[in-house]
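Below: a set of structures, written as structure tokens.
Consider the two complexes below, in which chain A is the common component and chain B and chain C are the respective partners.
What follows is the complex of A and B.
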């Protein structure tokens, strides 16, 4: 199906079809029948009337319904009634105006010529000349009649303009980042001997409380009463404590004393983008992050078994103190949460601050 | 109108014109013609929902407190009594349960935002599929594209303001993506949050962006967008009497003043209906932000789903090949960069540049004011459907837990399926769409050449039965034959007649190849000669 078929045609047939022009205008009912027009007019007026009723209804709902009481249910009712008033108020005007336009306003399509957007050649030439004149007057370009070209001005102005924003931006950006101490990512509230507490009430956890198969959402003891940076610390320190049958647990090399009788503690902050890994699948010992479904195998060092995360959840080394409470042996050995560029670098100032 | 009112109007007009020469302006605007088509209302929906956003937003700013100071809630909503929350969350509860009309306005605001982003995308699709982005409207396409990006920014900054657990987790995801940026990631995170996540400055900062920076940019861009619409005059669908050199339609005053003005009230009314009757973002069920809890099946607002889907789909490692690399002691997280930054950059970059890509293939320099029927641009339509398929797969993956639940599928299998589908299905969709378009073009040719079946059977003298076909009338035929029949660009030889390599021949060769991709398979419109011949066949 190509246009080679054209070859056989007689010369009299035109190359292409001709534009038939605008179609005949079909009159509407209201154009032909004055009764229909009158009816349409009444309909439009009724619609505008509905709008007025809607407005009154909204105002009535605001004043009238408020006396019913201050409880949640009555304010919900006020909201719904004001809302329905607004609906009528708006739709009445809208449908009225559109109905008016569609039935009663003249609907003969008209034609307007377009003009090419390009300026005329004279205008272009004139514009270019004006710019040239300006360039010449300023001395940026060389003038024909001996006006010297001031190249130094151009260079210095561009330099000045290019760096001037820094005078505002440096203080602006500099202030916005607080103390810029990103080594805080490496440390959490966990220290040697910090007791594990339940989230959110802060009650302490004894090893005997943790039955096989159970899981606890854990915060460090003292977090709940922290005066400053409570949410910042909680964002890094939350831990999941799980007890498994010790026979199911594959102890990771080098972490032989990090768990206690099948009790393990892992960071709850996903190594993908930092959501809380909150869903515990008891049967499979899998932890699932509900945000992006990274799945970690608690039985095997919380390694990734599915999903977008790449690294295992960091493990918190735990022990039992004299009173039987579960405690941390020390802080996590790596930064918790998502990866970042300098994650493995320890250009670290905070640890000294902590030690001091 | 009474003579008194007329005189008053004339007096006012005279007063204004003496001081502003507004007469010329009115002369230019009042009877400006606009073509009529339902699909031209999609952009209007976007504009009107933005106005609704401004109106309801002003209401909300009177009561919302952008402050992250922790307070104990003691307000009207009993379930939350004693809970620690930020002032931002507490004031959101106050708006919802103590300010009459407050929850209505919150819900109107949220529904309007969802409609705003949706209508922008659908309007963009209309512009794309009808070729309305072609010369001279490429710049306006880019402005519209910028508005789309700004609408996402407006949506996301607003979504985060109540400081509830859902939006807080959304912010934490943003923080995770930001941290993955090489070299500056950690510092960018500090810059945004004023220190460690979540900090105490983010909500005030987002508030300023949400009520000042982003809306001001949107307003400016809308002004430019509409200015260019007036300057270019609106495009029109093909039909009798409509050419690239004219515009056929009805005047702005009174017809479109009534229709478009009325439509604003309809859009407002529909959004108000949603706000009055349908709960959206009930933050009191989620609770204030806390880094520890999260529940399954939670979803961001729909326009963020595609990024969330990409994040879910990207494996941390594939067949033992990890996507997080350690290079000289530094960490490069491709499992975050690809879905979080590279994919959106490529997708949006392609969308922004599309008018120029197609112009390279076409090589046509003329102004185009008559729209294409999508079937008459099979490759473009195919590309559009391919991109939409890509987007929809990401959105579905972004709600894969809900999809899996709904259809009783394994969540993991669904994700694995989407990992393949994201590469395969867009190509399949492109190819199928292109073929369907060409099929429709052939059907058009068939109709023009042989007309419609009438159902009347006639018996010839020699005993043969035939069904009488009725040829299309001129108007119906014109719609089907009046499209541009573009052939691929010819590639001129590498060396010119003096034996010298031509400058830029490589780029031209690429353009010629692109042009072949677009226009090699094509169905030409019926010519009068073909129609003559078809008549003789009977």
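What follows is the complex of A and C.
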């Protein structure tokens, strides 16, 4: 307690601070010792010399190493030498100049007076008067009789200002796609009987090709030769086809006929933000999304076991046709990819619509 | 006695002796390294018998005496084929040093001839993929452009777009493919070791596999831009820029602002 009191008495603010003046001038080594000055001079000269060497090195690398060959290894060597040369030549000049300024150039403190930022009262009054004159002159404000004048001008100006941004915005928004058919997100190229094909060449897949532990990257048959919107369709329809030991596979209720002897097909589009989920860990049956590490358990309905994704990957119901090729029974029963706005309204509208 | 010694001792004798030894060593090395090439092509009962001995001594603790495997410890090796043995033992992954998220590649524990005998024994238990021929894995006969398409579709998500490797879950990872031999790359695709899925000949054709090897051959060349930084993309590059680049800028700034002594 007594300590505190003492502190307070000692900490009372004085009436005014004394000007501490300029800090103590400490002479540098090069100011006191001619030998040090000479040494600094040499150091600067060496730095500039390094720059000269760097320049010569870059030019030598460009002309001298160019004939070494066209293979990547010699291109790498040439590029590295040119780069090193340029670095040395630039840094040599920069560091030399700064070292020169720091050690050899005049070293005395300079005082720059600070001026008040506030304008003089006279100037301020004049500026306000000019603004007032302008308002008076334009007639925006009320006239001497208290009635606003120039109402027509005021109204038309506000209208013009308000709609002017549309001239920029409308073409921009209009160019964002030209296709406002949002329901396209709901469906993919998969239809009843569409055969599963390999990405990228589009060759068809037989069930017997898919041995246990295999992972096939799949597109719908016909996508590879699609002329329009191929990438758009591909980005929705890509599927990962996996065969696991049927004993490991937990069939989901209601999906008893969606797989075939351990072969399952799931959308490759992550339900988090739509990256392709394709890191397939064969032993754990986990699918990992490379973007944010969402992990799905393929053996258990592709349910989320880790990460930010909120719902399982949509499953593509598959079957085998007469010739042994794997076909889709129908489209996905829910929209693929990240959470779909319709989902927010009610839980199950999408599957009802598909059924309808 | 002394006369005999002087007579025997010619001036050039040490040199001759060294040359003789060198010749002997190279001769033995040539014989032992060329042996597996012939052994791989013709499997005989003796190889199988030798392989069984090696298996009993080195592998049976986990995989069982008849390679039937043990639940949650080691898989059954019936039907995995010679390719799986050549990959797992030939890259040093097997015998496993310790249990962990995944068996790591390490110094190879066996001679190639012993690996071939092990492979002969395991493939005698059940049919499986065999070791590819030199022609099947010759990248110079493949098309790197087609290999790139296949690699980007099937491999790049785990091994990275140029085969630099990448992380999986819980300590598992996809290794870099730059040091892997073409034969081991081919065998890995065929057999799907550990976390890797199987890419059988129906999924990626023989030619496709060779194209992938050709594409990976191209990636082994140095990068024309300088350091590759593991070629794993913006994370490593950003790390480098923030730590090394900005670190150097800060150091220079401190030096510029510091008073000269």
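What we mean here is this: the second predicted complex is superposed on the first by the 294 of 356 C-alpha atoms of A that agree within 3 Å, B and C clash if a C-alpha of one lies under 4 Å from a C-alpha of the other, contacts with A are read in each partner's own complex, and residues count from 1 in each chain.
Everything below uses one rule, namely that a residue touches a chain if its C-beta (ideal position, glycine included) is under 8 Å from a C-beta of that chain, and two chains touch if they have at least 3 such contacts.
These figures come from a predicted structure and were not determined experimentally.
J.: Classify the contacts of A:273 with the two partner chains as first (chain B alone), second (chain C alone), both, or neither.
T.: first
J.: Does the superposition put A:297 against chain B (first), chain C (second), both, or neither?
T.: So A:297 meets neither chain B nor chain C here.
J.: Looking at the overlay, what does A:215 touch: chain B (first), chain C (second), both, or neither?
T.: Touch partner of A:215: chain C, not chain B.
J.: Which partner does A:331 contact after superposing on A: first (chain B), second (chain C), both, neither?
T.: After superposing on A, A:331 lies clear of both chain B and chain C.
J.: Determine, under the contact definition given at the top, whether A:109 touches first (chain B), second (chain C), both, or neither.
T.: After superposition on chain A, A:109 lies in contact with chain B alone.
J.: Touching A:71 in the superposition: chain B (first), chain C (second), both, neither?
T.: So A:71 meets both chain B and chain C here.
J.: Pick one for A:30: touches chain B only (first), chain C only (second), both, or neither.
T.: Touch partner of A:30: chain C, not chain B.
J.: Is A:311 in contact with chain B, with chain C, with both, or with neither (first, second, both, neither)?
T.: Only chain B; A:311 stays clear of chain C.
J.: Quick check for you: in the superposed arrangement, does A:242 touch first (chain B), second (chain C), both or neither?
T.: second
J.: Show which residues of chain A both chain B and chain C reach, each in its own complex.
T.: Of chain A, residues 71-72, 75-76, 79-80, 83, 98, 102, 107, 199-200, 217, 276, 278-279, 290, 293, 295, 306 contact chain B in one complex and chain C in the other.
J.: In their complex, what parts of chain A are in touch with chain C?
T.: 26, 28-30, 71-73, 75-76, 79-80, 83, 98, 102-103, 107, 198-200, 205-206, 208-217, 242, 276, 278-284, 286, 288, 290, 293, 295, 306
J.: For a test of understanding, state which residues of chain A touch chain B in their complex under the given definition.
T.: Chain A residues touching chain B: 1-3, 5-6, 8-10, 13-17, 19-23, 62, 66, 70-72, 75-76, 78-80, 82-84, 86-98, 100-102, 105-107, 109-114, 116-117, 173, 176-180, 182, 184-185, 199-200, 217, 219, 229-232, 234-236, 238, 268-269, 272-276, 278-279, 290-295, 304, 306-311, 337-345.
J.: Where on chain C is chain A touching in the complex?
T.: Counting only chain C, the residues touching chain A are 149-150, 153-154, 157-158, 166, 168-169, 172, 174, 192, 194-200, 202-203, 221-226, 255-256, 259-261.
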